[in-house]
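What follows is a pair of complexes built around subunit A, which joins subunit B in one and subunit C in the other.
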Partner chain A sequence: MTELRAERAGEPLGVPRTEAKSRRVRHLDLVIAVAAFAVLATLPFLFSSKALLDFVIRCAAYGLFATSLNLLVGYTGMISFGHGMFFGLGAYGFGLIMQRTSVPIPVAFVGTLLITTVVSAAIGAICVRLKEIYFAFVTLAFQMLIHSMILSWASLTGGDQGLRGGIPRPVFFGIDLSNHMHLYIVSCALLVIGLLLMRQIAQSPFGYTLRMIRDNASRASFIGIDVWRAKLTIFVMAALFASTGGIVMSLFVSGAYPEFAFWTISGEGIFINMLGGVTTFLGPMVGTVLLLIMNDTVTRLTEYYGIVLGIVILFFAIGLRKGLMDFVVEWYEQRRGPKKERG
Partner chain B sequence: MDLDALTGCLASSACLVTQTTSGFIIGMLLFLVAVGLTLIFGVLKVVNFSHGAFYMFGAYFAMTAYQVTGSFALAMLCGAAGTAILGLVFERVFMSRVYGGDVLMQLLVCYAFVLIFDDVVRMVWGPEFRSMGMPTAFQVPPLFIAGGVVPPYYLLLIGVSLAVAAILGVGLARTRIGKVIRAAAHNPGMVSALGVNTGLIYGGVFALGGMLAGLAGALAAPVRSLTPGMGFSVLIESFIVTVIGGMGSILGALIGALLIGLIRSFGSLGFPLFTDGLMYLFMVIVLVARPTGLFGKEVA
Partner chain C sequence: MLEVQRLSKSFGGVKAADDISLSFADGSLTAVIGPNGAGKSTFFNLITGALKPDSGKILLNGIDMAGRSPPDIVRHGIGRAFQVASIFPSLTVHETMLAAVCADQRRASALHRRFPLAETRERAEHAMEVLDLASKRDRVAATLSHGDQKLLDIALALVLDPKVLLLDEPTAGMGTEERWRMIDKIYELWERRNITVVFIEHDMDIVFKTAPSIVVLCYGRILATGTPDAIRGNPAVIEAYLGTEDHDEGAV
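So, the complex of A and B:
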């Protein structure tokens, strides 16, 4: 990873050309997003398997979460080990709003994102000042705080039983989320829109500011970038997407459970990023699909899921030392010659 | 919130003694785990995220040894020695491959072992709650100090922990090996050039840290219930302790652990639902006021 960074830092600053190119790239992103959505939307017509649709919905939930984590880990170099708290917050916030009030779903959606903004800004304000390992562990500590609050505040959250009794899903704009097909399409739409927005953030000047902070925070600070504010901004943004993932999850299971806010979710998120690779935008998405496939296969075969997952993690962390997409990209670039830029 | 209970307790000496002792118990166990964590961080510059697993193994080793031999002293020895060996192997075989690299990789390797160790314990000892039971030697009537109830085992626990703190403090400051360890923490390249086997020191420090966590687990086994995953909450709490006390400082770990122990024992009276929250609140206050912790020197 260090070599990659050094290489990136040495890229020439062809500003005008990059700008023209980035506009073209953005159009390309939009085209790819629309195409991806079209493919996902036609899936149910090709395969009539409910399990496949369930799988895609779970991929959407975890994919939003993992890709948002990559905004922190891969782009800004902030290794958050507590990102899962916003996943849980989204699930619980949305579930509680829908159960306790009778507002339409879009209002609850926006309400949940507002709650996430406030909470993540408060936690971020404390955490982003800290470096590497401190940041990782203090975010983890906050995750455990939220988890223990969910467990102990049983009158609101249902304690260790989770939010039960189902989440009411009134029809809005003709969309009925208790219909499996509608839920599937909405999840896919949220995933594609979320990914597109995150791609925009990553490719924007702000996204390049983040890369600069990752590579050399003090240099970024010298040229007048408010590092603290930039880190806090991306922390809150990433929290919003993770929260959206949580909302999708709570809609899917029609409830919310303390496991959604448990630290293992954050651990899995980190591993998904590692598995897929943090140097490509879609790496975490690939990682999500791989981890969920592995998850489903392994839990069917053995009850000792932890051992299998642990060994796979060790294989990637000590054996390969990079993610699968990093591997593919490097192999591809070696074949094409060393000229292509990455981002 | 139950402030009456808290003020009522603060007014009575019996309750004060009981709560302070239970605070000290929590604090001392946390200290043993946290001091290992802080030692490993100070020398190896990695945070052993799987440190809680050593605490767990210490407890399970002690329980099995006690059930087999019936000797409490042997149980403690097994808990400590077993985790020391485990620590040495873990460091030499796995952790030593990810030094100096990404924090991400170190976290992932440790994360993998948290998962593996928890499942190994589930495989060997079963997923249900286990308990070691109070050793017969300590099944004596509790002492009464100023009206408060203090089981004798608690005194042993506090005594052992204080002894460990003293030995560590003096050992690091005064002995030759302590000086070598401190030098290796400061500049491993130079120490290595002077003919010291730094790999051995790293392995030794990791084994020592693991042993302390294992000892904490073994000491906790008679008074806590044993379950796979029991190490994780201890890990988080001892990490909070090291953040409060300052990473790499033994005195800081001791003071931080005692503060957290007292916060937990008195907080559970006044704010039963928010006991964990109090601990985090305290950590946040310390972090905002002194980002390096109460006794930390280096910039975090």
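So, the complex of A and C:
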């Protein structure tokens, strides 16, 4: 009570409460996140379908990955074709630490993120100076490099067989990840926390620095922004969230496979972003759900999965010229009146 | 005081800046003129760090800026606006200003707080008012008129509270009336604040009526410096520049 009053008194007179407002928005994000988590957590009690829970876990893994890619593509304008390497790195790093050492899961989790930090900082230091198409292709090249390393270093990674024999999942803090229900809840928690953190990044002053770099990097440097440093920072951050997605995936399949680090994962990430849209924060999440639903239904109906997917992406790219969420948001804004048109 | 000493820069065999030495006193207003390709923009690019000089010094209050990066130079107090308005198309006017102040306060990489920051508000507000952009605060920059985009570009430099403001053709692409409105605005800014303003301008009418001192560049070299009267009477200037331009535009 006193604290609340002190805060009120501390607000300068006559200044509209800019920060108070943004603080309220932040609380709104938190409320939405908690609500979403609550809904996800009650799903198992409403439907006793294991397939549904599996679906949500995969959404968590791919959703973290795709949303982190959007931090690069949508917010900073860095189109990475190799973002999937960090998904693979997360899966392999975590799987290997768990198989080769006897550390508890949280330690392996942090350890994997540390490895990802070092690797992504090294790769980022080389890539982020490059412009558009060169950045895209050099990130792709690193992805191929990591993929072929996984294939050829068979004594460590199991080569094209992947990490077999399962990933040990010892109980920690009373959480048993070999229990499907526990794994489900932990995956949901990681997704929600990951999204909250990424949302905070996107809406922080740094998030606006990224938007400035996307819009006009040269101008950004002439108002005192160290463009290279900002790009490297977001490259590493995005890698960490992608790596977390990979960890969720490796826990889900209890292993890691070379496909997790193949360039098609990066392609799917781009695909998801095109599908869901890059101008809204939740666009990639919507895209993830769409892609996985399509994946599951189409592969059941036909073996020509690729063709169907291709037609769908053509529809979004040429027909709508934007992702689904972009389309919805624009439609909504137009209905409210074309007052605040975004250029 | 901004002092340039023996500044040189070549591209291949072309000398875009050839041994330029100049000084701009604190609070001065200077116009830089010269025919196309005279090295005016190169001169600005060298001072602001967009280009690295081959040799020479750029001293801002005694500190050498030569070879430093653009953000570093901006933080020392040299702001610039561009010939083609350089803005952030998808941000609103207000967001642009708030983000720029954020950068100036070294908070551009703050992660734990939400944009916009309360402490950036006042300066953003002030800059918008000074440049008549307050009524367009919620407009997305890409949707602004050409003139307003030029103003926003200048506002981006000004909101950082620079010691020296370099304006590369602030009136480029404008009609006569709009040109004068822009120049009056800049003049007013210069008068009110104690900043050093250097601007590139093609309109001789504007240059001779506005700028207390003029620098004439030609082929990367300084052809003349001085007051409008001195420049007008300088035979080298008349021959190299005004002589031909005079017939075309009927200016002076």
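Going forward, the second predicted complex is superposed on the first by the 319 of 343 C-alpha atoms of A that agree within 3 Å, B and C clash if a C-alpha of one lies under 4 Å from a C-alpha of the other, contacts with A are read in each partner's own complex, and residues count from 1 in each chain.
Basically, a contact is a pair of C-beta atoms (placed from the backbone, for glycine too) under 8 Å apart; a residue touches a chain by one contact, two chains touch by 3 or more.
Every value quoted in this text rests on a predicted model; they were computed, and no experiment measured them.
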| item | value |
| --- | --- |
| Subunit B versus subunit C as contact partner of A:Ala38, first or second or both or neither | neither |
| Subunit B versus subunit C as contact partner of A:Arg321, first or second or both or neither | first |
| Touching partner for A:Met181 - first (subunit B), second (subunit C), both, neither | neither |
| Which superposed partner A:Ile133 touches (first subunit B, second subunit C, both, neither) | first |
| First (subunit B), second (subunit C), both or neither touched by A:Val171 | neither |
| Common interface residues of subunit A - those touching subunit B in one complex and subunit C in the other | none |
| For the subunit A and subunit B complex, residues of the former touching the latter | 1, 73, 79, 81, 126, 129-134, 136-138, 140-142, 144-145, 148-149, 152-153, 263, 267, 270-271, 274, 304-307, 309-311, 313-314, 316-318, 321 |
| Subunit A contact footprint on subunit B (complex, rising order) | 41, 47, 94, 97-98, 102-105, 107-109, 111-116, 118-120, 122-123, 232-233, 236, 239-240, 243, 247, 273-274, 276-277, 280, 283-284, 287-288, 291, 300 |
| Subunit A-touching residues of subunit C, taken from the complex the two chains share | 48, 50, 69-71, 74-75, 79-80, 82, 86-91, 95, 98-100, 102-104, 107-118, 121-122, 138, 140-143, 156-157, 160 |
| Subunit C contact footprint on subunit A (complex, rising order) | 15-20, 22-23, 25-26, 200-201, 203-209, 211-212, 214-216, 218-227, 229-230, 233, 340-343 |
